[in-house]
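Pasting the structures here.
The following pair of complexes shares a single chain, chain A, combined with chain B in the former and chain C in the latter.
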Partner chain A sequence: MKLTFPYMGSTIIYQKLLQLLDHEVIMPPRPTQRTINLGVKYSPEFACFPYKVLLGSYIESLELGADTIITSGGHGPCRAGLYSEIHLKTLRNLGYHVDMIVFDDIYHYPKLFLERLRMIKNHKSFLQLIRAIYTSYQLAHAIDSLQKFMEIKQAYELEQGAFAKAFEIMRQKFAKAANTVKDVQCLQREGEMLFSSIPVHEPPESQKVRIGIVGEIYVVIESSINTGIAALLNKLGCEVTRSLYVSEWVDHALPRFIKKSDTAIIKNSKKYMEMGIGGHEIHNIGHMIHYKEQGFDGIVHLMPFACLPELITQSLIPKISIDLDMPILTLAIDEQSGAANTLTRLEAFVDLVRNHKLQKAG
Partner chain B sequence: MTAARIGLPTALMHSYYRSFWKPFFEELGLEVIETGPTTKAILNKGIRYSVPEICAPMKIYTGHVLELLDQGVDWIYIPRFVSIRKGDVFCPKFLGLPDMLKHTIPDLTSKMVTHHLNVKHENIACMKEYLEIGKLFTSNYRKIKNAVQTGRKKWLEFRKYCVLERYNCQTANGKVFTGKPALQSDLPIKIGVIGYVYNVYDDILGMDIISRLYKLGANTVTFEMLEQGEIDRQLRGYKKRLFWAFSNKLLASAHQFFRDATIDGIIHVTAFGCGPDSFLGKILEINFSQSPKPFMTVRVDEHTGESHLQTRVEAFIDMIAKSKNFKE
Partner chain C sequence: MKTYLGIDVGSVSTNIIALNEASEVLSSKYIRTNGQPMECIKNAMKEIARDLQNLEVAGVGTTGSGRQLAGIITGADIIKNEITAHATAAIHFYPDTRTIFEIGGQDSKIILIKNGMIVDFAMNTVCAAGTGSFLDHQAERLKVPIEQFGELALTSTKDTRIAGRCTVFAESDMIAKQQFGFSKGDIIKGLCEALVRNYINNLGRGKTLTPPYLFQGGVAANVGIIAAFKKELRHEIIIPRYYNVMGAIGAALLAKDYLEKNGYQTRFSGFEITDVNFVPKTFDCNGCPNACEVIEVTREDTVIARWGDKCGKWTNEISYSPPGYLTEAACS
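Our next item is the complex of A and B:
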């Protein structure tokens, strides 16, 4: 069994988990234009953009020799829960001999869930499985915490690319040496020290611009398809905070009793949306309000083109923007989004945000 | 005192549940205002208040709501369809519809009558969901119960015409409300039309495709003619069904239509940008790639021209007629 998995965020987390369980792992390559083109070619025109990218990514992993895909399932109301079904149908129809191990909701299909767990457990004991999961979980949090740090301080780096370089060094170290929770903790500290040693020039508080990013999970997390939006904003001198990181996505997927809750944030969204409608909309709206409370200056809302729940969110945004007195930019991401185009729109937006801030101050 | 006027936007699920809603609200003593078939003017109103990328059915619904506001009704009924079958839900846009309208159309909030429709059966006429709505207009419990019952009876009648006498949504409404029987004659060709009621029977989106086919010599069958039990039977082979109630109905009817030897061809009518249909379409494409039965997808939106639709439908029927003649 040669396993591969969906490309999302820092893939070394999943790689680590599977390697700790002695699986042979085929790493999905970072999505490129080719990946996207492949996905688009074999997807329905109005499939979600993440669906298309993942399909392209699976094809590339299969080309590298993978024969089994591990992924998550779900049961609606949005389309993501059906990705695996349609992906598998499509891939087999294209002639690939491929299996999928789909982790569906433990509540809906408890037996199936355990069966799947047994499959990926390999010859290891359950204790070892739990240890491996826990280690990867900590790894996810460690990497995300470094990334959060970076997306704020990178705005002020004196030498361009210094943070990116340091992050890459750390990523490789994590991939190689983070095999226990202790390793992870050591490396995280090392990373923090490395980051703190990078020279920055921070402007006075009144001139700092803080941008919050919200949106559909895949385009928020995956920098290879959101044209590296956090880095672009950093380059324009803005601090960036995202509403979602991989580790938090894992937190969401956890069974309810161990889940860290952000009910307080979600509760705020009630005024605009009575119930969750399938994506991360109530989370997103809650975060918009939360950003306001924390004194952010602007919000970027990322959505895959024609995303169902985010279109509803987009419809609400003019009202939210007025209520919060906060500039909000919606960017639709699809196969044609290029960095140059995004940069132009971001530049204009950041100007607007700065003016808005000045006006409020004056 | 004149009766308060409640508006029913004649879009989305309206034609499927009209036979319940209209008598229900009338029994409560309200005057029911319907916006009627979608016009260009209604569509344009909707477009002005919608984000450009949203699907046309949502824009059209928005237009009907604005039309009702312009007509100065006292109330507008905008239900939130959550589920009409255990395990199935509605498309995320339906789930967020009242929120979206409330925050995009000024002055709507005070007139909007809304609630969650979350039931286990497509027969939504029950006290559990409609007691609260009734209470907005009367404190008389019996009156509400009576209204629900009257509405339910009408709706069941509507469903009976669909299932037993093969009326479609539109003709069944005609029969229930005016007693007008459906045009039915022995035509040489039979086509299965798969599509949501708000696409197929909308004047702007569906462009009267059913009558067009009829004029070209084809009778049609649609998903409304299948009973829920039949729908579930057709989908037994699926480990995982689709999530959306009406998408599942379409998927099931497609199975039934492909299997039914008396049906000569199948047309899928779908809106541009429809998320659920993107997956439904893919499943049909793969599952029935081996079937010899002609299958065509017609994508419609607010810009689709009539001549485009007519040409495609004509070509499709032509092809079927030729191959039939050839066989005989």
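Our next item is the complex of A and C:
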């Protein structure tokens, strides 16, 4: 069994988990234009953009010799929960001999979930399985914590690209040496030290601009398809915080007695939306309010073109923006979106946010 | 005489203006780009230099889709997106304005202003049905010079509804209307109204459009469109005197403001550049399957700028990075 998985965020987390269970892992290549072209070619035109990118990414992994794809399922109105079924059909129609191991919601199908776990556990004991999961869970948190650090300080780096270089070094170290929780902690400290040593020029507090990014999970997390928006905003001199990181997505899926609760953030959104509609819309709205409370200056809302849950969020944004007195920019992302256009909008938005901040300061 | 130059390189036209120290327009050039921005910039600069004697350039700002290229060859002090540039000029002339309609060749925008600051904006996303190119194309199809297009619309007294959601639909609807015997004037009026309806529905969605309305960009020359705007909004709209070069004026104002605030000297390369041979070229990088199209500008065989690569492999090789753009916060 040669395993592969969807490309989303720092893939070494999933790689590590599977390697700790002695699986042979085929790493999906970072999505490129070729990935997108492949996905677009074999997807229905009105499928969501993440669906297309994932399909392209699976094809590239299969070309490298993978035969089994591990992915997550879902439930509810958002189409993402059904991706796996259609992906599998499409891939088999294309002539690939491929299987899929889909992890559906643990609350709805606990038995199925355990069965799937048994499938990937290999010859390891359940204790070893739990240890492997715990290690990669810590790894996810460590990498994300470095990434969060980077997306803030990168705005002020003196040498362009210094943080990106350091992050790549750490990523490789994590991939190679993070095999136990202790390794992870050790490397995280090393990463923090490395990052802290990068020369930065921080402007006075009154001139700092903080932007929060919310939106559909895949386009928020995967920088290769969102025109590297966090880094772009950093280049424009803004600190960036995202509403979703891989580790938080895992937290969200964990059994209630383990995970840290994000109910406080979701509760904020009640005023605008009474119930979830399948995506991360109530989180997103909650985060927008949370960002306001934390003194952020602007919000960028990302969505795949025609994403249903986020379209609904978008329709609420004019009201939210007025209520919060906060500039919010929605960007729809898909294979048609041009980088030049996105950049123009982002630049204009950052100007707007800066002016808004100056004006409020008096 | 101290002068500030503003250069707006758009898809359809390249505009250059010169401001004096009191921010008054001394000279303005509106030239069709015809796909040759480099030549256009040089020619317009030559004309400006000829028009204005003993010119001392104290600052240069560029904007428009070709802002980066223009900024590199002129040594601009500031390179700004067209949304900020247009709004800056509009606010300069009409400090009370609340809504700016800007329709250019390839894109269109709505910018909302409050207390002399941009508070919201929208740019067309999905189609070209709300832009100048659409009108150009239809004028050609009807064999009416674009300059007379608007006046012809005013001759019509009938209401002709043309589907304006998309250029393809508009075109087939227009052909059908022609076959039904509608006059050119009727059809053109219908088209103008379709464009305005489409524009306001697309870009104005969810936004409150408050007067005074300002209409600028090349399309503001079209009286048919102006009439359609008045009808749709049931309100007067203001056409600024320099409606077709507002982006360039905004760029010059921003450059002036930026230099004065920071006490910097201009980086202007001088009018000699009109005789220097700049060659832009593109090549496909094959370092990874992204196959980015990298744009490279050479000056007398030396590469002076590159952009377009996703990973920064080519961009980072060159140390040139203009101030005010991606490196410094120009408005602070």
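By our rule, the second predicted complex is superposed on the first by the 360 of 362 C-alpha atoms of A that agree within 3 Å, B and C clash if a C-alpha of one lies under 4 Å from a C-alpha of the other, contacts with A are read in each partner's own complex, and residues count from 1 in each chain.
Operating definition for what follows: contacts are C-beta pairs under 8 Å (C-beta built on N, C-alpha and C of every residue); 3 or more make two chains touch, one makes a residue touch a chain.
Note that the coordinates shown come from a computational prediction; the quantities given were computed from them, not determined experimentally.
Aligning the shared chain A places chain B and chain C next to each other free of steric conflict. Panel annotation: after superposition on the shared chain A, the angle at the CA centre of chain A between chain B and chain C (CA centres) reads 80 degrees, nearest 10. Of the two partner chains placed by the overlay, only chain C lies in contact with A:Q359; chain B stays clear of it. Of the two partner chains placed by the overlay, chain B and chain C both lie in contact with A:A332. In the superposition on chain A, no contact is made by A:I152 with either chain B or chain C. In the superposed pair of complexes, A:A306 makes contact with chain B only, with no contact to chain C.
In the superposed model, A:T90 makes contact with chain B only, not with chain C.
In the superposition on chain A, A:G237 contacts chain C only, with no contact to chain B.
Once the two complexes are laid over each other on the shared chain, residue contacts for A:R79 go to chain B alone; chain C is not touched.
Residue contacts after overlaying the shared chain place A:S315 against chain B and chain C alike. Of the two partner chains placed by superposition, A:V40 touches none, neither chain B nor chain C.
Here's the short version: in the overlay, chain B gets within 5 Å of chain C at its closest Cα pair.
Residues 315, 318, 332 of chain A are contacted both by chain B in one complex and by chain C in the other.
Looking at the complex, you find that chain A touches chain C at residues 29, 32-35, 160-161, 164, 203, 207, 209, 228, 235-237, 315, 317-318, 321, 327, 332, 340-341, 343-345, 347-352, 354-356, 358-359. The touching residues of chain B, when paired with chain A in their complex, are 50-51, 53-54, 80, 82, 89-93, 95-100, 103-104, 116, 239-240, 242-244, 272-279, 281-283, 286, 289. Looking at the complex, you find that chain C touches chain A at residues 65, 80-84, 107, 115, 117-121, 123, 125, 206-207, 288-292, 310, 312, 316, 321, 326-332. Contact residues on chain A toward chain B in their complex (touch as defined above): 43-48, 73, 75-79, 81-82, 85-86, 89-90, 93, 272-275, 277-279, 281, 305-309, 311-312, 314-316, 318-320, 332.
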